[in-house]
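What follows is a set of notes on a single structure, which appears directly below.
Here the chain labels run A, B, C and D in written order, and each chain numbers its own residues starting at 1.
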Amino acid sequence: MQRGAGLFFKGDNLVIDLSVSIGKIKLKNPVMTASGTFGYGDEFAEYFDIGRLGAVVVKGLSLKPKQGNPPPRIVETPAGMLNSIGLQNIGAEKFINEKLPFLRKHDTTVVVNFFGDTIEEYVEAAEILSSADGIHALEMNISCPNKEEGWSIFGTDPKVTAKVVNAVRKSTSLNLIVKLSPNVTDIAQMAKVAEDAGADAVSLINTITGMAVDIKTRRPRLANIKGGLSGPAIRPVAVRMVWECYNAVKIPVIGMGGIVTADDAVEFIIAGASAIAVGTGNFVTPLASMNVLEGIEKYMSDEGINSIDELRGSLICG
Amino acid sequence: MQRGAGLFFKGDNLVIDLSVSIGKIKLKNPVMTASGTFGYGDEFAEYFDIGRLGAVVVKGLSLKPKQGNPPPRIVETPAGMLNSIGLQNIGAEKFINEKLPFLRKHDTTVVVNFFGDTIEEYVEAAEILSSADGIHALEMNISCPNKEEGWSIFGTDPKVTAKVVNAVRKSTSLNLIVKLSPNVTDIAQMAKVAEDAGADAVSLINTITGMAVDIKTRRPRLANIKGGLSGPAIRPVAVRMVWECYNAVKIPVIGMGGIVTADDAVEFIIAGASAIAVGTGNFVTPLASMNVLEGIEKYMSDEGINSIDELRGSLICG
Amino acid sequence: MSEIFRAKIKENRPLTNHHYLLTLHPLINIALPNPGQFFMLSVDESLDPLLKRPFSVHRTVEGGFQILYRVVGKATKILSAKSPGDEIEALGPLGNGFPLNISNSENVILTAGGMGIAPMLALADKIAGLKPLLFYGARTAGELLCLDDFRDSGIEPIISTDDGTCGRKGSVIDSLESYISSAGSNNFGLYACGPKPMLSSLSKFCAKHEITAYMALEESMACGIGTCLGCVVKTNEGYKRVCKEGPVFSSREIIW
Amino acid sequence: MSEIFRAKIKENRPLTNHHYLLTLHPLINIALPNPGQFFMLSVDESLDPLLKRPFSVHRTVEGGFQILYRVVGKATKILSAKSPGDEIEALGPLGNGFPLNISNSENVILTAGGMGIAPMLALADKIAGLKPLLFYGARTAGELLCLDDFRDSGIEPIISTDDGTCGRKGSVIDSLESYISSAGSNNFGLYACGPKPMLSSLSKFCAKHEITAYMALEESMACGIGTCLGCVVKTNEGYKRVCKEGPVFSSREIIW
């Protein structure tokens, strides 16, 4: 058995095929990292070969560097955490010059998460990133405020979502993944909007907006007051939304939200996810994504399942 | 110190006033029970004097008895649980005849949670319940499917919400609490809709829709596939929504979602809740609501806070 | 009357790699549990696991009671690491328990599959005078528990294992059915506990032979006291709560 | 090089009602931690608490290292109940640690407030030859830790307590400031660790006297390895990560 390559041989027989297709690209296995929880990949390379991952998704980038929100920025909550990093990042250019060369050296798919304050910024960022060498796909984060329209979130109004996805679609020929916000009434509708606007895949869920209060000081625990809830606490919501989107669109769905173990990941795949991402789980242990990859292999071999295609969306209802 | 009566005296001085006003009624303290987690009150009377509670909110009632969903109906998730009870209940009439007399014997405020499949059913249930003796307030659950309009949820479309709340408002002179669904893009908007339609208070949050998969059988863990997520896992989302509603409406906000301890409850009050309800916490230990009540008293006395009014909405931002 | 109380762990003895016998001493006086009743146990203060877990009373002992449990997941794993002297929170005794006054006292039969053995010892302790038979099935010899305890009460277990490593090879129901079919009488008082498929096929068999069996069911539980409506089973009178109207039901009323 | 590894608890000794000294023996070879570096520790497999917790290296010992911790919440409470032989998961050593080559070696001063004493012993072990002074403040006499360990290294702690139950009454900063003001020299090498208000007023004092202090900061952490950007502090070069560019910063760069 050869680990990490996606195809497993026993003697001459192909046994397990872990590879999955996301739009025009093929990942050797379905295990990705969730944006903002894996930095630009370099820190994790200290603990395992990041080339074994299906894809590395980097921290969200904007056209210009962003300094983010004041601290405190994180607080633990029951089986989860709130963060208000505020999209701090080094900017698209510095990423291309200083971080991308390192990622190119690894045999993995590089997905760049990005965002903008305006539609123009989205488009410009997409164009710059598309011209760089070694980026295989773009993931656009639409859970961020729209400076032009009263700071409401791009990803919660279907009309605005359609507009921004359309604009980015026209500006890149790279694989385009649209990352959906869970803070909406109808996630399946948002997935359809993204599909219609030309997305090659949707990924979900981003964090659910939450808040915590320090009862001693009577202040919010995050300087930014509100933050995004992630981790195992939100997994049931994420699995439900993945299933709803899987039933609503034809493009692949990338599932995330609270995945720490392989069992968690398999839940998402059975519910319809073509690939999955480990987020907060990376903080629980830096080996989480490797544990998930190895655990999925073991599960499939124990259950006699030969390919992810066979597992995906195999939920038996009724 | 006299416990449980709402007013605390030390010598001749009034020390702590735990009482709160919800519309036209006054609760002796802010601790309520969340509908569906306290039955009709009788089971809990075995463990403590339910007359000490600010209010008892009973399991949601409909015009006619409902048998609910097939089992399995519950599954534990990280720091939470999913339920798909399916609103099983004995019906308004049987409640009035068999359960209400017991509740009347206790010195507590009785809040009756109810729902319907159609607007007419809501109105009829409200009328029947309003004519019964010993009910102090009605809490209408709008997180349930609307038979007439494609089974979408009453509480997720502002127009439908306005219609059903308006109709119920006209049919009862009891205190009317509207219980909001968290499965919406803009909870503050829904609170305003309820306020404009005549609600005396809003309560939130109801459960967040979720799902879990058994990876061995590849079946949903709930026979109904989806269920409602409750418990500490959702508390950060609930606190955030309470704060948003508190800033949006003038009527009192009743907060719930993941309260197990007094510290949890105080978070909600600081964020703007006039009263709070213990739900899933009652399953963690049947004494949860009493622990919360006693803990709030202790917190206020430790911090030198004399009344809930002083604490409510006292969040210091910036 | 059930109580919410703290209990001290007196002993937490491993019986096999994944079975433990827990002896609890409540710190307050509680009602004596009846066979078939259960307790909800908290394993610690963490919010994961969140809910209490139900366990049948295995035996009442001087100063308290015993639980026989198998490590299957989060809570039971944590429980298995507890030491004598540790305290846990418990709620109970809950549920109805087995009816003890069944009329046809001459042919009383206990039937247990797997962990279904747990409540049977408490029952045997109560009705040993009726000289019941015990049909006991497990997957393999190593999973057979408490055989000597039953023998001490004068009951020689009639064993079957799926893999034939002890007793008759096959299911406990096969074993029971062939006994009953050859006994030429329908005058049986049957008690049963075990996995759903076992109880369901036993129910069908009993219906055919017009025998009533009393069976202790399991369902996922949140509250254990009848308020959440999470633990229902389908009966011929609609859904009933396993924690309140059960866990013991007559085989005639359950709709499988 | 930091590692993710399992470590065996060698000892978990209570020093006061809420302070413990934990000795860990890593099951693999790890890099020797420098004073001021820290480890992220998992207390168990439960998802509540979810994240690892950061603890400074208190001392390196034969076969491993020590952590001095105070029980303040969920994770530290669980940790305090662990026994020798138990294993936990750890990540480290992390962060930069104290710079040891500070030029003005003649007047080296360690300043610790409360739990800020934890990393100071590792530092004292390294630079005992420089004969540093230790200014150590705590709320009350009962919270003063490791005094004899410092004495064994030839350092007699200069103590202050908020309530005056030991040493000078008042804050450690008062004590330090009056020493420095009367010393008539600015040639100091200062190391500090303690609560934010203490470090912030120390920074102001140092700015006034043109002294540089190296101070170990604390911020809530999720990853500990520089990826989540959760632990930043404001510096004159923008936000920096306490876990990566810190936890030790020069008092000149922090914007309080």
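Everything that follows uses one rule, which is that a residue touches a chain if its C-beta (ideal position, glycine included) is under 8 Å from a C-beta of that chain, and two chains touch if they have at least 3 such contacts.
Keep in mind that this is a model prediction, so the values were computed, not measured.
Q: Just tell me the minimum hop count from chain B to chain C, counting one hop per pair of touching chains.
A: 1
Q: Determine, using the mean of C-alpha atoms as each chain's centre, which chain is farthest from chain B.
A: Between chain B and the rest, the longest centre separation is with D.
Q: Can you give the whole-Å distance between the Cα centres of chain A and chain D?
A: 36
Q: Using Cα averages as centroids, what's the distance between chain C and chain D in whole Å?
A: 54
Q: Quick check: how many Å separate the C-alpha centres of chain B and chain D?
A: Using C-alpha averages as centres, the distance is 46 Å.
Q: On chain C, where are the residues touching two or more other chains?
A: As it turns out, chain C has residues touching two or more other chains at 47-49.
Q: Which chain A residues reach two or more other chains?
A: Expected reply: 78-80, 231-232.
Q: Quick one: do these chains touch in a line, a ring, a star, all-to-all (complete), or other?
A: Shape of the chain contacts: complete, all pairs touching.
Q: Contact residues on chain D for chain C in the complex?
A: 46-49, 74, 78
Q: What does chain A use to touch chain B in their complex?
A: 77-80, 82, 156, 183-186, 208-213, 215, 217-220, 225-227, 229, 231-237, 239-240, 243, 258, 263, 266-267, 270-271, 299, 314-317
Q: For chain B, which residues count as touching chain D in their complex?
A: So the residues of chain B touching chain D come out as 78-79, 232.
Q: Give the list of chain D residues in touch with chain B in this complex.
A: Spelled out, the residues of chain D in touch with chain B are 47-48.
Q: Can you tell me which positions in chain B touch chain C when the two form their complex?
A: Going by the criterion above, the answer is residues 36-39, 43-44, 46-47, 59, 67-68, 70-76, 78-81, 83, 85, 88, 231-232, 260, 280, 282-287.
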